[in-house]
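Input: structures, listed below.
Here come two complexes built around chain A, the first alongside chain B, the second alongside chain C.
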Partner chain A sequence: MTLVLEASLFVFLLVIAVAITRTKDLFAAAMLSGIFSLASAGLFTLLDAVDVAFTEAAVGAGISTIVILGTLSLTDPVEIRTRRPLLPLGVVLLTGMALVWGTLDMPAFGDASAPIHLHVAPRYLSESGAAIGIPNVVTSILASYRGYDTLGELFVVTTAGIGVMLLLGRGESRP
Partner chain B sequence: MLEFASIGILVTMSLALVRALLGPTVYDRILALNLFSTKTVLLIAVAGFLTGRPEWLDLALLYTLISFISLLAVLRFSKYGNLGDDERAKR
Partner chain C sequence: MSDPGSHMRMHEKLVLRIVAKRFIPFVLLFALYVQFHGDFGPGGGFQAGVIFAAGLILYGMIFGLGALHRVVPPRALEVAVAIGVLLYAGVGVATMMLGGNYLDYGVLDSHAPAHGQHLGILLVEGGVGITVAAVMLTIYSSFGGRERE
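Our next item is the complex of A and B:
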């Protein structure tokens, strides 16, 4: 059943991606990119990457849509095409093929003998419940084993937020 | 039962997607985005129960909050034509 759900979401993603490249109405493209992020967030959740899915929903469907709309308010809402974009298409195809080629070296999905399952993961799985006291292993890794790392990320995010507020802020001194 | 629910949600998602692709007016697309985000939330909730992880319900609630904020931004844009400029918005 999960397979059916994942396959349907992949079909949705494909349809949306083609539609985004084909449409000339930029507001429609903004809406479709929001839908794309939501569908991929659902797909990530089904694939058990809950944290990635949440980031995708927050950044893709939340902030990106708002930023795209903010950009759209400064430009013309209709895309103007002058020529067929053959060079970008070639670059995208090459990059995609390189990425697919790169995944060939990776261990198979769910392979129990993959390096990531053999190195520190068994220790986390067996000891983190008793050592940290958090039932979710991912949470205990992020919040405790890599606590300083997460703290640094929070600093980065806060700095980025301050930067965005300075850029977008409604300064009273503005003419 | 949950299987039927998820199939129904998938059908609704595809209908919303069709409306987002065709939808002649701006409001069709806004409604399609909102419907799609609601259905994503429902799909995650149903899939959580389907795979034995009802904790995903919390995740679905957070998604609702995010889509509400972005919906506010979209509606503000469609009404005023910009996002934060009160001087221009008053006109």
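Our next item is the complex of A and C:
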């Protein structure tokens, strides 16, 4: 049952992706990219990555769509196509093939002997309950075991905010 | 997109206005739930910050950027961006002061390290939530405040 749902979501993602490339209406493309994110979030939920799914739904389907729509309100909502994009198509195909080739070396889906399940993950799963006292292991890892990484991510978000403030202003210089 | 004088005039649409007014408190409440329930279920500061910002952005889209700026002045947003990061980094400094490593929350409670971990995670997740919400709102109001060229 799960496999059928996953397969249909993948097909759905493919259809949306093709629709995004085909449409000339940028408003429709923006909404479709939001739907794409929502379908990805559903797929992540099926793959038991609920925290990732939550982030994808909130950021990908929510804020990103709003920011794209905000940008769209400042520009022309119709895409202008001058020539057939053969070079970009070639680059995308090559990159895609390289990525698929790269995944051939990866362990099979759900493989219990994959390196990622043998290194620190068993320790986190067995110890974090007693050492940190929080049932959600993902929160324990992100906020405590990998506290440095999360602080670094926060610096990235802050830098992005400062960059937007410097480039566009604070949004109050309106008549 | 949210300019009261633009062609969209969102604030004149009655259904949108009423639905948004009823809806926004629940969005903000849900963001707080995600923030503080991150220890037990999916979620945490990052998602909570984004959802909180989304609730306020909805308010800004319907009632205009001016109304949003009366609720959260741009100056307050700037301060909030810095406060979140300083709260996170400050917890690390505090743990060093107490004799531990940087961001080693265990030393925050001298009797039970697990309680210290709990407190540390609560504080740093709070810092993440504040900064993420403030940055998202800043990005939105920076884009929304621009005139079409």
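Note that the second predicted complex is superposed on the first by the 153 of 175 C-alpha atoms of A that agree within 3 Å, B and C clash if a C-alpha of one lies under 4 Å from a C-alpha of the other, contacts with A are read in each partner's own complex, and residues count from 1 in each chain.
In this section, a contact is a pair of C-beta atoms (placed from the backbone, for glycine too) under 8 Å apart; a residue touches a chain by one contact, two chains touch by 3 or more.
Just so it is clear, the model here is predicted, and its values are computed rather than measured.
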Touched partner set for A:Ser73, first chain B, second chain C, both or neither: both
Which of chain B and chain C A:Met1 touches, first, second, both or neither: first
Touched partner set for A:Met165, first chain B, second chain C, both or neither: second
Chain B versus chain C as contact partner of A:Ala61, first or second or both or neither: first
Which superposed partner A:Leu32 touches (first chain B, second chain C, both, neither): first
Chain B versus chain C as contact partner of A:Thr150, first or second or both or neither: second
Partner chain(s) touched by A:Leu13 [first = chain B, second = chain C, both, neither]: neither
Touched partner set for A:Leu47, first chain B, second chain C, both or neither: neither
Footprint overlap on chain A, comparing chain B with chain C: 50, 53-54, 58, 62, 66, 69-70, 73, 168, 170
Chain C residues within the chain A interface of the complex: 1, 3, 6, 34, 38-44, 46-47, 50-51, 53-54, 57, 61, 65, 69, 74, 77-78, 81-82, 84-85, 88-89, 92, 102-103, 105, 113-115, 117-118, 120-121, 124-125, 127-128, 131-132, 134-136, 138-149
Contact set on chain A toward chain B in their complex: 1-2, 4-5, 8, 12, 15-16, 19, 27-28, 31-32, 34-35, 38-39, 41-42, 45-46, 50, 53-54, 57-58, 61-62, 65-66, 69-70, 72-73, 168, 170
Residue ranges of chain B touching chain A (in the complex, touch as defined): 3, 6-7, 10, 13-14, 16-17, 20-21, 23, 26, 29-30, 32-33, 36-37, 40, 43-44, 47, 50-51, 56, 59, 62-63, 66-67, 69-70, 73-74, 77, 81-86
For the chain A and chain C complex, residues of the former touching the latter: 50-51, 53-55, 58-59, 62-63, 66-67, 69-71, 73-75, 130-136, 138-140, 142-144, 147-148, 150-151, 153-155, 157-158, 160-162, 164-165, 167-174
